[in-house]
Amino acid sequence: MSVIKAAIVGGTGYTGVELLRLLSGHNGVEVRAITSRAESGTPVAELFPSLRGHYDLKFTAPDVEELAACDVVFFATPHGVAQAQVPELIARGVRVIDLSADFRLQDIPTWEAWYGQQHGCPELAAEAVYGLPEVNRTQIAGAQLIACPGCYPTAIQLGFLPLLEAGLIETSGLIANAASGASGAGRQGKTDLLFAENNDSFRAYAAGGHRHLPEIEQGLGRAAGTPVALTFVPHLLPMVRGIHATLYAKLKDPAAAGATQAALQSQFEQRYASEPFVDVMPAGSHPQTRSVKGTNVCRLSVMRPQDRDTVVVLSVIDNLAKGASAQAIQNMNIMFGLNENQGLESPALLP
Amino acid sequence: MSVIKAAIVGGTGYTGVELLRLLSGHNGVEVRAITSRAESGTPVAELFPSLRGHYDLKFTAPDVEELAACDVVFFATPHGVAQAQVPELIARGVRVIDLSADFRLQDIPTWEAWYGQQHGCPELAAEAVYGLPEVNRTQIAGAQLIACPGCYPTAIQLGFLPLLEAGLIETSGLIANAASGASGAGRQGKTDLLFAENNDSFRAYAAGGHRHLPEIEQGLGRAAGTPVALTFVPHLLPMVRGIHATLYAKLKDPAAAGATQAALQSQFEQRYASEPFVDVMPAGSHPQTRSVKGTNVCRLSVMRPQDRDTVVVLSVIDNLAKGASAQAIQNMNIMFGLNENQGLESPALLP
Amino acid sequence: MSVIKAAIVGGTGYTGVELLRLLSGHNGVEVRAITSRAESGTPVAELFPSLRGHYDLKFTAPDVEELAACDVVFFATPHGVAQAQVPELIARGVRVIDLSADFRLQDIPTWEAWYGQQHGCPELAAEAVYGLPEVNRTQIAGAQLIACPGCYPTAIQLGFLPLLEAGLIETSGLIANAASGASGAGRQGKTDLLFAENNDSFRAYAAGGHRHLPEIEQGLGRAAGTPVALTFVPHLLPMVRGIHATLYAKLKDPAAAGATQAALQSQFEQRYASEPFVDVMPAGSHPQTRSVKGTNVCRLSVMRPQDRDTVVVLSVIDNLAKGASAQAIQNMNIMFGLNENQGLESPALLP
Amino acid sequence: MSVIKAAIVGGTGYTGVELLRLLSGHNGVEVRAITSRAESGTPVAELFPSLRGHYDLKFTAPDVEELAACDVVFFATPHGVAQAQVPELIARGVRVIDLSADFRLQDIPTWEAWYGQQHGCPELAAEAVYGLPEVNRTQIAGAQLIACPGCYPTAIQLGFLPLLEAGLIETSGLIANAASGASGAGRQGKTDLLFAENNDSFRAYAAGGHRHLPEIEQGLGRAAGTPVALTFVPHLLPMVRGIHATLYAKLKDPAAAGATQAALQSQFEQRYASEPFVDVMPAGSHPQTRSVKGTNVCRLSVMRPQDRDTVVVLSVIDNLAKGASAQAIQNMNIMFGLNENQGLESPALLP
């Protein structure tokens, strides 16, 4: 197959540089353009010295013709941008992988309520495929527009899916206690994201309501076949990369054969037996975020402490990789019929 | 009043050096002895250069006569040590404040099951007062032996107490998702506590069962007037000091007048109105662990996200301070009739 | 003596909150006002939750009458601000302690060259006393305007002084390799100060020329009695507080009796024998920045590796404390005839 | 070419797991064995979960037959081990790449003085090739035994070489101020390497004399054609990976044409023009350690501050990669006639 021509819109953020890092090792793709209004003309290797020797590209102002000449365009932009630019690309036959929140929610009023603005392109939202391969692999293969899942939603959905699909847990009273490295907040010069404000400290944020909540509930509801009610509290970790989600649910029937620790372990192993990027750890394991740093892997562990009624799932991903750019490439591989692993095979950097 | 003569048994760990730091600013106390078999003869300021100029003391091998000559002895030892040494001190009229787990559990078989050894002194366990001043201030004032609460138990009990005492939440299905800085694991040369193993990473541990679970359930059960069932998952943070507990409970009657966000806020404020070291933050706040670093303060926030059935409490303390040594001094102040704030008034080091 | 009335101009930065933290434990001072145009009306405890329960103050817009009613005004402002506001306060008899760079350099053209603007008040620069108590204690006692030393200059001067004053080292070819925690860069929302940009990484900055260079050379030149030539390379550490300076100089006469390791040690110990805040460590020590965290202490170690011609000095301070706010309070104590230690006696927070 | 059969002796440390990580992406090599007495029988993916799915290997007790059946054996062991085991492997025709210090020094008495034991194999030390490809590429290609450079020596030599080879600087009075991430201290459970002892702190160590000093001086002396005198002070950073060396030297003739900032820049660029892993940054740059994390790259910058007599070089590497395991693979690639870049092409993980 010939090399896929790719472009990245909005390349100065962390998901942009992560796409560049990962695609530099992907033989099947050539990055033709990377856009940024603010940095137009700047070599990407000047903004990101880690890419010196890997890319000769310069940032360019967004240009539809340049993007339309590509096979695939990644949007690594704040919400609202893709809605405006994607329709023309779709119309011209380009495949689009949107890493932003623009097309993740099927229910437009919900999107508009949580994002505080009118949705610019409801008709494409209906058409977009939610890019969680572990759920939608077939649809992804045939999609023209992918809505890549958010970072928290990826970690949390992969952790709850085996339990909800098997009907083992109550669908209300779900708890997702999650924590993210600071890169999840993006590359913006905000006072409360300073090193001196966050090192050696820890805090929750948006406990009253985070924009990822409706996305997670949408996905869990599909898995359960019924609406779910989730309490989701995100936290900010004094580290750069990684999401750790600790999930709690009440067993429907604690005495059921399928509710033993061994049965739960087996349920998880079977659910993900053929998934290349979901790793169910041995019973009793506590996955570390560093074990997935830089990779597309989600590591899971399931427990039933003291054989009580509450089941606990631990789920770790790299927020910039499986939670964003690596998962976007996994989607691209599926869309273009490549080996799903291509460009995503390196183990995590540890220590 | 004359100066209180104090000794510290087991002074080479983090709670030992924290006691020394805090007592150096306490006008009413003089540290007469600090023991360590391994470091006997070493000046404390050599092991802990931060204390240069503050203490001329050397570590000494434990000596009953030396300890018995003091008014109060702090045990900053691993579990099992205080059980062996405390009885003689008690018999000789010395007051003892034990920072270890030896006398925290009233139920001896439970203690023996979780700590995997026979309890050396069950009769004193019955007599010991659990040193959480917000619950037991009166008993502490008259006690000869204080069992200082563990770090997680302090943060978690203070967060749940207002809800349980008021009967607002279900007593089963309680969730305590907590995270601690690495100093909580002590000053021991273990591979999995190395800097290179923990920086820029995050993980749960002991999710299947942590020794603080029975202590927490004991305290919550007393507050509720009935046994409770808690799921407790601790995590290890890439930072030195601080505990953050995120607590989840189901409202008994979500439609009750006492269950509104405003009523919950009011409940917390009233419960702790006269407590010098519990700070209920304004509604919507997210307390940071750094805001209590080095202090005896517990900062709390209560929320009811989306007005659903689950109430969320955020609770932060410094694990070495309110979670150990500062709370021990608060107990001492109460026991000796001093101002409860004495030696504990400095604000947190921020940033 | 009656309580000193103090004000802080520019209180939203890190030196401002550090002044508040330290002054809360100083019995001889009451903070009457703290100014900030941007945060006027905001309670300081809202911006800095660590101060909840310690201050009822709100930030106010700067008001000359309010400041002039105080005994002492601290300027915790960017350079250029004090030059404009100090003259009127001085004229009205207020004592001023400026933590900024405005009055540190005696040579006005040098100041103007390094700061890229005209000096607003050259006549006061001549009158200002450089607030390094270990050099200028007597002048400080009688001063009305103090120019507090910069953070790097404090650590570096205290390290070189014993060698230069004794004429033991060459005055050219001096090397100061220093590293600072991120709080030294201030509380400003700049992209390159983000947590995600600095954690788990290290870099030099301003190696071609940093504004502290002329200040350091001015001080070292005075100590040597002749101009010196220094190469100064600062670095940014992935930590919050602390400066570590590693100093290198060539011994004038390596064979001299005063140049042995023991003689150098003795030279340092004698130079600082009566200094309350300079701690010469035992020979062979490597001071850690954490050993001075939150304190006014400078810890020093001097070595002559392999008995070669180069002498090495290690010097650590807390950049926000001895490098800024604590040293400002030390100056205030001297100016007002208080015990020099007052409010500055707590040991470092360790671990 | 057929696949190279490789073994790793001493695989439980950080250079061992880094070899495994990098070799998993090297198509030309298959790891046949990895030894550890202590972990014999344990799957490597159990000790290092980041390798789950990448290796089925288990640690085995060292076995000469198993090692001798390989084409190349890497020693990732403490000093002293390779000396004992290498001779037999060499005799049997196996190529050996030793990451330890055993064969780095040509002068045996110097080795014995710094390492405090008798050298077990002086005759092989004479034969071993020092594996710094930028100096010894030709000899490496024909070598049977490679002594891989230490981490500090790699960063420091690459920084000084262009200046010494061109005779631009004095060979005495050289200063190497360097700092390393904590992974450089290895994976050993020592108290002073704990997270709680090192986070948010910084210190020098071994300032009186570090074992890498004679290795560095040996290399610099060869480059200069005359013995050099270096003062080397290492420091421990609160981060995991990375070395930053800040080098200072006195220009022989500050007025020479070759001593201008532009000429120095050009000198560096020419020296490393054809080196695949040495990146001379643009004039005025400050390389960050994170820009080389996980890679075999050394990034350099050269400056002449204020056009004075001192030249400053900034040099960054990843201590576990270019400072150990990646450089070992670069050596292997050269020895076996592979593309020197093979398996070493991924950009750094940033952020």
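In order of appearance the chains are A, B, C and D, and numbering begins at 1 in each one.
We take it that a residue touches a chain if its C-beta (ideal position, glycine included) is under 8 Å from a C-beta of that chain, and two chains touch if they have at least 3 such contacts.
Labels paired with UniProt names: A, B, C, D = N-acetyl-gamma-glutamyl-phosphate reductase.
Owing to the predicted nature of the structure, the values given are computational and were not obtained by experimental measurement.
From the options C-D, A-C or A-D, choose the one that repeats interface B-C, i.e. more than half of its residue-numbered contact pairs are shared.
That would be A-D, since it shares over half of the contact pairs of B-C.
From the C-alpha centres, identify the chain that is farthest from chain D.
Using the mean of the C-alpha atoms as each chain's centre, the farthest one from chain D is B.
For the pairs B-D and A-D, output the one whose chains share more C-beta pairs in contact.
Of B-D and A-D, it is A-D that has more C-beta pairs in contact.
What is the distance, in whole Å, between the centres of chain B and chain D, each centre taken as the mean of its C-alpha atoms?
The computed centroid separation for chain B versus chain D comes out at 46 Å.
Between chain A and chain B, tell me the centre distance in angstrom, where each centre is the average of that chain's C-alpha atoms.
38
Could you grab the centroid distance between chain A and chain D? Build each centroid from C-alpha atoms only and quote it in angstrom.
So the centre of chain A lies 36 Å away from the centre of chain D.
Hey, what residues on chain B touch two or more of the other chains?
If we look for residues of chain B contacting two or more partner chains, we find 14, 181, 183, 187, 196-197, 199-200, 238-241, 287-288, 290, 293, 351.
Using the touch definition up top, name the residues of chain D that touch chain A in the complex.
14, 17, 20-21, 24-25, 48-54, 183, 187, 199-200, 240-241, 279, 281, 285, 287-288, 290-294, 297, 299, 320, 345-351
How about chain C: which of its residues touch chain A in the complex?
Chain C residues touching chain A: 14, 181-183, 185, 187-191, 193-200, 238-240.
Can you tell me which positions in chain A touch chain B when the two form their complex?
Touch residues, chain A against chain B: 172-173, 175, 177, 179, 181, 196-197, 199-205, 207-209, 229, 231-233, 235, 237-242, 244, 246, 248, 250, 284, 286-290, 293, 301, 303, 305-306, 308-310, 312, 314, 316, 351.
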